[in-house]
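Next come two complexes, and both contain subunit A; in the first it sits with subunit B, in the second with subunit C.
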Partner chain A sequence: MSTHFPHTETPSAELAGVSLSYAKHGPVLKSLDWQLLPGQVVGLLGRNGSGKTTLLETLLGLREPDAGTVRVFGQDAGRLDDAARARIGYVPQQSDLFEGFTPAQLLAYFKSFYPRWNEAKVEGLMSRWDIARDKPIRKLSGGQQQRLSIIRALAHEPDLLVLDEPVASLDPVGRRDFLRELVEQVLDRGTTVVFSTHILSDLERVAFNLAFLSEGRIALQAPLDELLEQVRAFTGTVTELASLFSRLGAQPLKRTPLEAGRERVLARLPAGVAVPLDAQAVNLEDLFAELT
Partner chain B sequence: MDPTHFVHINTGSPEPIYRQLIEQVKRRVAAGQLRAGDEIPSVRELAQALAVHPMTISKAYSMLEMEGVLERRRGLSMVVAAQHQKAQPTADRVELLRPTLEKAAAESRQLELPKASALQLFKTILDEQAS
Partner chain C sequence: MNTAAYNQLLLAFWRQRDRESPWGRRAMFALAVLGLALSIYLVPQLTAPLLAVAAALVLMSLWTAIIISLMQQNHPHVARCVPRHLRQTLETALVSWATLSLACAALLWFFLQKMPSFELLLLGAAALLTFLGWALREWQLWLVISIGPVLFFGTGLDRRLAPFVAAVRELWLAQPLTLLGLSLLVLGWAVASLFGKGDDAHRASYTRFDRIRRASEDSMRGKYAGAGAFGEAGKWLSRPFELALSGWQRYAVSRAEPTLPSVMRRAEIVLHGRQHWLYQSLGIVLGLVIAALSFMLAFALAGQGLQENWTKGAYGMAIGMASMGFNPAFGLPNMLWHSRREQALLRLLPGMPQGVALNRAVAWTQLRHALCAWALTTAGLGLLAWAAGEAALMCMGFGALPLCAGWLLRPPSRMKAPTAWATIAPVMAFIFGGWGMYALHLMLHLPLLVLASLSLVTSVALGAWRWRALVAAPAALPAGRLA
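This part shows the complex of A and B:
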């Protein structure tokens, strides 16, 4: 497991001070900083419309930010050379497969672009996931198109895998199978993975780290285990809680005012501090609701 | 050992997955279902069976090793540590229930339940599972 978290290596992707606005919607990313280290599996959490897809497209160099820098494998994301490009796998939210092609034609076409291509993996997944090789892609179901898109993204054994809602059309069995494939990538290749989904149970299994996108920034990134152990919900008067937090060294993450000078506060305790008994433990769904 | 039935995990719980793994292995060792020398699934096998990040599994195994529940044999496989020859005495096993019951007791007090009612419910639940 020594391939995980080698902090000295170049980040797989690094965004610094990235801002991006759409003419109609206004600012989406606001001076956002974010780092993906080699071997990390990061779950990207954010509400609908919070800009997850925009962020992932910007990370891949598909959108040019108004300000800031985006680097992938140490190179400017907008001007990646072919070698760096070949190390990226991407499953977009909207299928971008050529609908007139058959899966066999599509894969043969992509194969010609990559120096590396794992034919055995492709064949194995095509059979296991039961995808008709010679039927036009437009005639495949949504789930099958999504599977094909995943196979295409894994075929060239990428070092960075970017998955934007990759399992939305898959049934629970298909999702579990996909997660196993992801775990295998991590085990065999130490692939860096960033994964956006609203299916929190999937993230909980495979994403060791979570990043919360809120108001155009990564508001928090931390290992899920640490968040579950260190984040608690407290209820009390504003003054009570202020003195409790200063005594514990707790960092407030989200305040919700209640009646009569009281509030509910989600706060992160320093590692190793004894958790007060009346503090409420939270699960991933609570974290999502409060921090995005 | 079949990795798919070695442990079960619950997603959506405030208890991290690695904690769930640790507690389940401890309970099975305490009950004598897992004994000294029994080989447990490798990190790879269990990560794939549960579709869980391998670091989560290796974190749980390392902590179980530090606590003397598991030991690393030559090569890579982990086994149940030598001191766990048989099930622990009832008095020790019942202590493993304490954290769960403390939580239940706190909730029972919040609900202002009479002690007898809470105990009766626990008894009923125990009987249901047994039958």
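This part shows the complex of A and C:
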């Protein structure tokens, strides 16, 4: 097993049977179960409006679920103590926050709350990402605001880093720098990272685990390399495929009916099973389209 | 002629109207109609003039809505890229201006007695609508209207320009229609000049107009854009405020401790933003200085002593002082809504209270702010009342106190997006409360001490009731997440 996917008994975050509805939009999360193990890097995938932000906010205790439990570092997410909160870093979807502050003011402000603050890392990233220290945040570009938000979240060296579409406003170079920083963070400190994104190529670079959010639940979570190796698309009649899956021990993930009693099925094969020749390989984009 | 395009341009203001607080607007409309009906009931002999003036005011409001909408539609990109858009916008504006000017003049001419000639009324109405259009684009024109008359008469310009005015009058009497026609042509050109063709000058003027329009819309929802919306002059004026708040932030951060007062002192900077007590205090001090200077200038230029006018102006000054002192505190819940995205990060900070403790801390921060503002403003009203010998001015303070408890102590987690009505409602409630107290004092001869006690008891009872509900509510931050 990869060093980035260590097995441990105590999850960094755990959601069990979580349901959450909005008064005007109906249910968003439906009896959702999810675990984030220490050192895992998880990419959260889901369609627009599928509830990714709601899920991440619920995980952090910023939204109270209608049912179920949410625990972070073993504590109730709604009542985290100071020590637990000092171990969390969060980059929200919007980066145009604290617009009246300058970056220097923002960082000094947040520094005053945290017991641990890596000034060298902050200075290094501020220079590397070329962020003016004394320019009001509202005058920074969207990409610079997002970079600043990431620096703020990394500065206190969190053990759990939650990022909601952190690279949406970044150019390719900015994204590459950010991902490099993220990987270093994980390699150096074993930080648990969960981030949502729509940029699938970025996931291929850093997300060792993928979680697919669909219809209010985590439809599937598995290491990316395992998914690409074990998930295949099969086409045939219902009877043929049922017999094939039974013989291979495959787990059907998504069925799409075709004409004349045929169907296309996305199925996950057990590890070590020889892949049938007529099975089609799938890429990350196919997985996103089929599983979300 | 394609009338559909003109309809789209003309009716855009109605189609794009704010639909967020219909009941608030209906209430305001009902109040206006009620006021008009009451006036007609009290003075039946003035029915026709009152209706005519009311109708003229409605027409002027209609013009304001139309011209703002047309100027907004005259975006530089649209003016440059959409065929015939500029010409059709200009035609719509000019036809609206001409029709509404004519209608206003006709209404006043037919229903009001002792009016000047119809030509003069038409010229006056057309000039007023033109001025409104320009003042909606260039805010500095409101300053001209505010202090212009004082300077005009105070510096003796009226006397110096008397020969010129007399010559124009002679000319008007000799050739009224020619002068009216020429004047209307100039005014029409001025209306047409409100619109641009997508060049650099248009882009600059549109940016200014759009900035003020957005700031005005935001302020109706309780979000204050600050003086920066007024361009470079505004930024220059707001610089001391920014420096003061920045200094306070440095102080709060440098003295940071893991204690509740220290944490909330820092959190308040984000929670209240431009409604922070320091910002408001400086704003009030600046407002008082400007008001004092204006009054002194006005009285000095008008050649009258201050003392003589003190009593006459006491009510106006009290209303101004009360509005300046009380109203900003009523806007604090709106600021919680506008800082809700930042609150998600605040909630995760070590030291930040959680659950019930957070509810108490946020509520107390707002209540303390409002009570301090109330105490200082009421003290100011007391001084004014003493100086003017009119103790009843204190009723405004008595009317505002229950609102500090009733309006501010609401569970932030359930608050809805602030609307124009939510911004105006506490102001109206305070005015009605103050007037109610004043009426009780005047009509029932209730002593001020009784009114003060009534206000205090109501406030404490209301506060205790709301406090219990607030403490039992879900965590206060982020605000509005359960709406």
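Just so we're on the same page, the second predicted complex is superposed on the first by the 282 of 292 C-alpha atoms of A that agree within 3 Å, B and C clash if a C-alpha of one lies under 4 Å from a C-alpha of the other, contacts with A are read in each partner's own complex, and residues count from 1 in each chain.
The rule we apply is simple: a contact is a pair of C-beta atoms (placed from the backbone, for glycine too) under 8 Å apart; a residue touches a chain by one contact, two chains touch by 3 or more.
All values reported here derive from a predicted model rather than from experimental measurement.
Of the two partner chains, subunit B is the only one touched by A:228; subunit C is not.
When the two complexes are overlaid on their common chain A, residue A:78 makes contact with subunit C while staying clear of subunit B. After overlaying the two complexes on the shared chain, residue contacts for A:204 are found with subunit B alone; subunit C is out of touch.
Of the two partner chains, neither subunit B nor subunit C is touched by A:46.
Contacts of A:90 after superposition: subunit C is touched, whereas subunit B is not reached. Of the two partner chains placed by the overlay, neither subunit B nor subunit C lies in contact with A:11. In the superposition on chain A, no subunit A position is in contact with subunit B in one complex as well as with subunit C in the other.
Residues of subunit A touching subunit B in their complex: 1, 4, 41, 176, 179-180, 182-184, 186-187, 200-201, 204-208, 224-225, 228-229, 277, 281-285. Residues of subunit C that touch subunit A in their complex: 242, 246, 249-250, 252-253, 256, 258, 263, 266, 269-270, 273-274, 341-342, 344-345, 347-352, 354-355, 474-475, 478, 481, 483. Against subunit C, the residues of subunit A that register as touching in their complex are 23, 57, 60-64, 78-80, 82-83, 85-86, 88, 90, 92, 94, 97-98, 100, 105, 108-115.
Taken together, the subunit B residues at the contact with subunit A in this complex read 9, 11-19, 43-44, 47-48, 50-56, 58-59, 106.
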